[in-house]
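One structure, pasted below without further comment.
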């Protein structure tokens, strides 16, 4: 395979290093479960995990012992409840002698603004949030800043520049030129902010497919270090147009995650004991995968015009 | 016609007021010539005209006497030369007793940042520009700002919130939900920053066309006050996929614009003496219009999936 | 289900949906707000523009979204944008009429906690945190709250202020909001499983109506302060058959929210 | 055209294009840079990623763009983005290797004026202004300049500093750029219609090579200071037949730039 295409094993082995700040972004949509599982499988350690919504994937990764710190803005199993493995590392009553997970907390717009500052190489980003809340007390990196045009004071957040950002997408070419439709979250900002970028796609396409619709490109190959092709790599989250969220999984995770032994058993069965995502998909079964397939809803085509 | 659809005459009459700050944006692509001409035709006065690249349309408008001030970042006839009607209002040697045009000058990123601050309701936007240049001396609104995280100093620009932004686009529905492909310039930012928005389109489409590809939407009807349907309304600039730039016009404008009498004669012939854009297009002639038609270059269609 | 023919949760969702009759653009929060707003779109507010923080304007969900990032809010929407644009160009710019939030704790002035129970550094219960709630409370023109009443949630002092309400009272809140250039005027209604609360001129909530079957004793037993009762305390109109059908058959057939 | 078989402008464009042999990502300026970079893409740098400030990354123009916002730079490009993203995520983030600029005035340290001739408030000649040049000069890793020489353009003191070069000299420039966190190291080459200039350890430009047919007398007559001449002054290799064919037949058939 040409260009930057490699396996998930090799991409994670080469690009994610112990102690790195790692952002797997994707707001509900396109969550990089297969990348997260590979990080657990390779037993990376002392990572600082950044993500607006830690979601089930970070619950699993933190249960897998890869992280020392979490940077986030909303901690939950969306539509279901809490993230119990993470809570056990935060609430003193359940720590059981474990080292607590360090946390650094923002609001959604604060996290987005941090990535945006990182992507634009700015020393801070201003925003109209945090007024009269306890968040600046909880996180001293949220700081007031005065406008140079009046006495007005807003808040600022500092740039977030992950060592590695991992982005799941519908398609990319072999050089990593990546296209996404549906929810875009803060993936573009997280990718441009990062030192290194891994792209994981449902489908590898020819460069001509990308170049036929350049306004659809979210991440240019210029900032991409590796392209991994892993269909269904975002399961149990979803990929717009390809498969639905597997809600049964999100519901099932809740009771599992309340019991540390069950969590470790789950990680053994679905992560450690499997070599890769292909094995996970096979184990999941064709029937379950097929049940997630949506009906068609084509975008239609527009004309860019040929100018010679 | 349903929704917000109206004529250019009525849109400009109702929405553009003497003394307003007006931004007709569009970087080389989708320049709102027909809107600019209608503003001249209705003899609006004392406008503050904002635009990154004033281009031929602002040369014509300023020659038409509509403006007292210009906010900009690059003043030229792109690929050809200078904007001579505007220069005559700036260079003392050629003022000939006229009131000089007030100017407020930035760089491109400074203008983009001003619209972005306006669109996000921020009191300022920081950027890494202007260091060791004479621009902050020429424009005291470009001000240094210190980071709250270090001793680092960057520059800030204030928000720009036009009274009216006018955006030309490929298509919109009757509520003003607007889609653009090709160069996006700063149109989205200029529209969200504005108090009132006029959309001018090549084609009015059904809402279902917009909703089939929501990632293509640049401006939501929510912020749109009027939708004007005027095919070829961006001539002599271009519309991606629809028609090419009429370069002959840009070349022809240079000698015309060097002579105030010729400029006024041109405005009479092509603006004052014509009722509307349809008459302009008819006068231009079918052959010339046809010569600007590009070959096809389809984007291809993507699947959003139907989730029920 | 009670002998009334509907559950407390169904009444709460229906009452919350009705509040949106006069709203044009609503920012839809996670959980109960999601079902309430989707019900409003199908009943009192067919032209309501639903905004999801995930980056969707003008959503037309064909089913109840499983989360606030469900693919059904994307397909057929008017616009899908980055979260920077959603929070910056829509919310912070002041285009949102109503922000619809849930809460773990609320005080009499409508200040909200969704961050921790107990001490922030050593919490008894770690909650989800702000998400977008903090900036929604500041920048949506008004805020609607939907939550179940209990003495643990309607508290004298919230443990952490995630989202500002009327702060220490209306006078202070108005002054700070004006001076700080906030878009938002603060909370205007709290819909619970027992009744509908509004805010008086001091900025404190008062009970405007009791849901059918609920009593003032129940209300007082599920609130940690002595609540103000409206001078013209009414009874919330019961859910209509159509409202119940929509909730039970279309929006929440598994009864996740409404039981 | 001279007896050499090519014009001074053709030599300038060809010499400028060759400078891009080692560049990966180039920000294409308006005017002469546009044709030089497009020639490089067809000759020494087929893998060159062309970035246009209009919002295009990885352009594949099928013809010479008439301006830096021509539709031919969009069709078939890798990515088209808003100008906020182009300037923020690409340029300011430090992803641009080379910014290619033209100039109206330049001084010995490579500082550039494209704003006014004369006094800013009452100019003799009003020029286009910065456009993106100011931030390109600060944030592109290095800057190439292409311009014709004349005593009015190669001046002792520029009338307005639009785009910083080596400021008052290399030492000062390096200190300020480092302290201010600039991405850019400053100008590295100036290609004119007479020769190729580089910058020495003091930050001042020196003539590295003379174009075929050009003389040192011509150079001195078109520059307002006593120029430094490189110790190993060479002669620029003449344009090849293929370079000339590309300029004359493909890129500039009307001779707008090259005559």
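Here are a few things to note about the model shown:
The first chain written gets the first letter, and so on, giving A, B, C and D; residue counts start at 1 in each chain.
The definition used in the following text is that a contact is a pair of C-beta atoms (placed from the backbone, for glycine too) under 8 Å apart; a residue touches a chain by one contact, two chains touch by 3 or more.
This one's a predicted model, so the numbers in the text were calculated from it and none came from an experiment.
Common neighbours of chain A and chain C under the contact rule above are B. For the pairs B-D and A-D, the larger set of C-beta contacts lies at B-D. The greatest centre-to-centre gap from chain B, using C-alpha centroids, is found for C.
Distance between chain centres (mean CA atoms), chain B to chain D: 28 Å.
Averaging Cα coordinates per chain places chain A and chain B 38 Å apart.
Between chain A and chain D the centroid-to-centroid distance comes to 41 Å (mean Cα coordinates, whole Å). One inter-chain figure worth recording: chain C and chain D are separated by 58 Å, centre to centre, where each centre is the mean of the chain's CA atoms. In chain D, the residues that touch at least two other chains are 56, 70-71, 74-76, 80-81, 88, 92, 181, 183. Across the assembly, chain A contributes 121-123, 127-128, 152, 181-182, 184, 188-189, 212, 215, 240, 244, 294, 297, 304-308 as residues in contact with two or more other chains. Pairwise chain contacts in this structure: A-B, A-C, A-D, B-C, B-D. Taken together, the chain A residues at the contact with chain D in this complex read 119-123, 177, 188-189, 192, 210-212, 214-215, 217, 220-223, 304-308. The touching residues of chain C, counted against chain A in their complex, run 30-31, 53-56, 66-71, 74-76, 80-84, 87-88, 91-92, 115, 120, 122-135, 138-139, 160-164, 167, 176, 180-183.
Within the complex, the chain B residues that touch chain D are 27-29, 52-53, 72-76, 78-79, 82, 86-87, 90-93, 105-109, 112-113, 116, 127-135, 137-138, 152-153, 181-186, 188-189, 238, 240, 244-245, 247, 250, 294, 297. Taken in their complex, chain C has these residues touching chain B: 25, 49, 56-58, 60, 62-63, 70-72, 74-81, 85, 88-89, 92-95, 181, 183. Chain contact summary for the complex, chain B toward chain A: residues 121-128, 141, 143-145, 147-150, 152, 154, 156, 158, 170, 179, 181-182, 184, 209, 212-213, 215-216, 240-242, 244, 294-308.
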